[in-house]
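Next up: the structures, one after another.
First subunit A sits with subunit B, and in the next complex the same chain sits with subunit C.
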Partner chain A sequence: MGVAAKVGIGCAGVLALVLPQFLNTFWISLLIQILVFGLLALSADLLIGHTGLFPLGHAALLAVAAYTTAILEVRHAIPTLLAAPAGVAVAVFFSLIFGVAVRTSGVYFILVTLAFGHIVWGVLLRWSSFTGGDNGVGNVPAPTFGPISFPTLSSYYYLALAVVVVCTAAYRVLVRSPFGLTLRGIRESESRMRALGYNVVAHKYAAFVVSGLFAGIAGVLYIYWNRFVSPATTTLVISAEATLMAIIGGTGTIFGPFIGSAIILVIRNYVSGFLVQWMTVMGLVFIATVLWAPDGLLGLARRYRARRARDATSPDMASLPKR
Partner chain B sequence: MDQYAVEAVNLSKAFGGVHAVDGVSIAVPPGQRRALIGPNGAGKTTLFNCLTGSMSPSAGRIMLFGKDVTSVAEHRRTAMGIGRTFQITNVFHDLTVVENVLLALQGTSRRKWVFHRSMDFFRSNWERAGAELERVGLAGRASDTVGSLSYGERRQLELALALASTPRVLLLDEPASGLSPGERKRIAEILAELQREITIVFIEHDMSVVLGLADKVTVLHRGRAIMEGTPDEVKASREIQEIYLGNV
Partner chain C sequence: MNWILQALNGISMGSLLFLLASGFTLTFGLARFINLAHGAFYLLGGYIGLSTLRATGNFWLALLAGGVSIVVVSYFCERHLFRRTRDNHLAQVLLTIGIVYVIADIALLVWGGNPLRIPPPAFARGPIDLPWGIVYPRYRFFLIVFGAIVAAVLWVIYTKTQLGAIVRAGVDDREMVDALGINVHRLFGLVFGLAAFLAGVSGVAGGAFLTLYPGAEWDVLVLALVVVIIGGLGSLGGAIVGSLIVGLIDAYGRWLFPEFSYFMVFGPMVILLLFRPTGLFGRET
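What follows is the complex of A and B.
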């Protein structure tokens, strides 16, 4: 990691800690949302950037975690310490089932995950006696651990930040491990990986379940931020946005998904406040990404750095003797 | 009788109505260098794909050190000792050269599942990867991405990947194809230096490589094994000359 990157991360860390003291609740709420969906995008990026699979149903994993925690808290008064892990566990359970999608690849994987997402959405909508139907589940209490509670947005912001930082650190270890390298090998050439002795499907399945774990954590963070969850959280739009966040920020990176999350959510929540055509802005961002930064913003930065390094080492053309 | 290292018994593979491999029996004793030759479409690569398990045969059996592996998955056969290279270079394009070899090294160990430690933790693997790259002459390019390698260097890496998984049976699909004479010589030298514990089956069109390395040659034509003999016998055969010149 370069000095500039370290300074950048340090500044971002200080800002993340200090900034909420100077912001109103709208912006604090937006920051939490960026963290939550950044984590969802990061979980999707384990499949996109590292394994080479495009999931289009990750909102469903977030939603089942959110619903589980919400129902346990609201209807059964289960304490956060149990309700939150239960939400994550249910998300992992669903990803164990949805994980069979890894037996397919390419566009079929996209379609199978899309179908799974729609099944969850349909069940949440129709099984109204259990899920509340269109009304969803609301009035979720603030997360409380014994005597410690996080009732205000700014206090919850710090809790969410801590959880996201820990998850991101764990994720970073994971992608730099032998297992992480294995996933990138699968992304590059499945046939070669099989010839080298890898059970490709097993590794992809494991990646899917780990991805589901992080998506589940994002779901629990989501429910304690929003205090309400409805089938709208499960729609294709949310799943697609998680994928787009990773792509805009830079796939296969640690911070890319969070940068992408910030860009998309600021457009949706802030720009939409004064620009009716905010959807057009979003569309332009997507098109610009595809045209000029297919590796995302961080990929763009990396390419720019590589070019600078090359220019610095190659001889200065002007100083060469003329013919 | 000693068991064979690798053996195909009455092996057939049909794609629709096309019999790419049609009742081939071939048995390679341990340590032998066996060349597979034959014109394009003779079924050489298909035979390889059946031996490694990337294709399942339509009929027949495959034995590896006396064990029937016909229905054993490809990655398990690798764990049992098969290694291969691909005719069309099949390496990890966006990874660095050393990462390519590291993947080959951890493929046959449980280490590939380790998720809580950084790659940097496994120093011995990095050292072994360095040694493998040294062997094929790529040590100087360890930290470059494959995308920046020349075609010849990629072929060398292709071979390094197969060797790094420490196979007992090595299947090489045209290891020298498309290389310059100098690079060809280098590959031939690397292969000649391999210990005799490794059994080698290789497909090759370049007769100088075949004659230099092979103990025995099997000739495939239209999916059938039509001849088996020493390189000199095969070279002297009128029938083989006619097949290659297209007079049959």
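What follows is the complex of A and C.
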């Protein structure tokens, strides 16, 4: 990690701690949202950037965690200390089932995860006696751990920030471990890893379940932020946005998904404030990313740096046609 | 008697799904392109057909207008956007989702957010009396016949003509067909055009009994995806069998377990994938 990157991360850390003191609730709420969906994008990126699988159903994992916690808190008055882990556990349970998708690859994996996401959406919508149907589950109380409570938006911001930082640190350890290296090996060449004696399917399955764990944590953070969850949280659009966030920021990185989350959510919240056709703007962002920044912004920056370094060291290379 | 009624519901739904899934599966088989905008094409075709119908009062003209307008849209997308994704499936998925956003937003602006029903043509209006005292909408029969005719025509072209042989060869080995001197790009254009035409037509045909509403683009797309996953991507026969299976399961599921009808459609898909990850008639891609 370069000095510039370290300084940048340090500045971002200080800003993340201090900034909420100077912002109104709209922006604090947006910051929490960026953290929550950044974590969801990060969880999807374990599959996209490291394993080479493209999931399109991660919103469903977020939603089942959010619904579980919400129903336990609202209908059964279960304390946060039990309700929150229960939400994560249910998300992991669902990813254990949905994990069968790793038996497929390529396009089939995309389509199967999309279909899984749609099943969850359909059940949440139709099984209204249990899930509240279109009305969802609301009035979720503030997270409370014994005497400590987080009733205000800014206090919850610090709780969410702490959880996301811990998760991101754990994620970083995970992707740098031999397990993470094996996943990247599978991404590069599945057949070679199989020939080397690795159980490819088992590793993909484990990656899917770990990804589901992080998505579940994002779901619990989501419900205590929004205090309300409805089937709209489960739609394909949210899943696709999580994937797009990871790609815009740059796949296979730690901060990329959060940068992507910030870009997408700022565009959506800001543009929808004054333009009714914000969906069109979002669609154009999708299209532009695929056409002009398929490696994301961090990828663009890396390419730019590589080109400058190359131009500086060997001037005659600069005259060659560039890709 | 309900069993027979639900069977008819299932077959007519399957008929509609076939119109959508056949184009989707052939585009994938030949051009290796995942077009998630297929559902948005369906919806836009339906809306344009509805406007045509209101202006002219002719159902056949509406079908044609829905189909042709989507061919134009699809041609533009294929020429300027789809080609640039090459064989990167994730890029295709995100690109076409972006197109869905744009189309859905324009449709919302022009046709509003309320469900709109396309009035069926005069000859298919009203109920029909069947033996055992079953009364059934005439339009659904029209849809079954229409779907069967399209399936038969596609099947004959696919298996009996030279064009069909070229397409089948292209599905098997695109590079080889290219090397043999056949213009693969023209072939792609033709299949994309056919798929778009069928999507637009199915929007008009489906709009008469499912109604057109914002969000319909995903509802029909996901069912069509299940059809191609069960049938196998790139297989026309798979699309026929798959759409009948999905249509029937959907109809019986809605009737027997209304709250879990989605499970009824997706459950068999998951079980099938465990044993045959490439679907009934699919091959390794």
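Simple rule for what comes next: the second predicted complex is superposed on the first by the 312 of 323 C-alpha atoms of A that agree within 3 Å, B and C clash if a C-alpha of one lies under 4 Å from a C-alpha of the other, contacts with A are read in each partner's own complex, and residues count from 1 in each chain.
Rule of thumb we're sticking to: a residue touches a chain if its C-beta (ideal position, glycine included) is under 8 Å from a C-beta of that chain, and two chains touch if they have at least 3 such contacts.
Since we're looking at a predicted model, the values are computed, not measured.
With both structures placed on the common chain, the touch criterion links A:Pro294 to subunit C but leaves subunit B unconnected.
When the two structures are aligned on the shared chain, A:Met193 is found in touch with subunit B, with no touch to subunit C. Judged by the touch definition given at the top, the superposed model places A:Gly138 against neither subunit B nor subunit C. When both complexes are overlaid on chain A, the residue A:Gly13 reaches neither subunit B nor subunit C. Subunit A is touched at more residues by one of its partners, and among subunit B and subunit C that partner is C.
Contact with subunit C, but none with subunit B, is seen for A:Leu114 once the two complexes are overlaid on the shared chain.
Contact with subunit B, but none with subunit C, is seen for A:Gly185 once the two complexes are overlaid on the shared chain. Once the two complexes are overlaid on the shared chain, A:Ser177 sits against subunit B while remaining clear of subunit C.
Residue contacts after overlaying the shared chain place A:Thr104 against subunit C, while subunit B stays out of touching range.
Every residue of subunit A that touches subunit B in the complex is listed here, in rising order: 173-174, 176-182, 184-185, 187-189, 191-200, 203, 206, 210.
Taken together, the subunit B residues at the contact with subunit A in this complex read 52, 54, 73-75, 78-79, 83-84, 86, 90-95, 99, 102-104, 106-108, 111-120, 122, 161, 165.
Within the complex formed with subunit C, the subunit A residues making contact are 48, 54, 56, 100-101, 103-104, 106-108, 110-112, 114-116, 118-119, 121-123, 126-129, 235-237, 240, 243-244, 247, 276-277, 279-280, 282-287, 289-291, 294.
Residues of subunit C touching subunit A in their complex: 28, 34, 81, 84-85, 88-91, 93-95, 97-102, 104-106, 108-109, 218, 222, 225-226, 228-229, 233, 258-263, 266, 269-270, 273-274, 277-278, 285.
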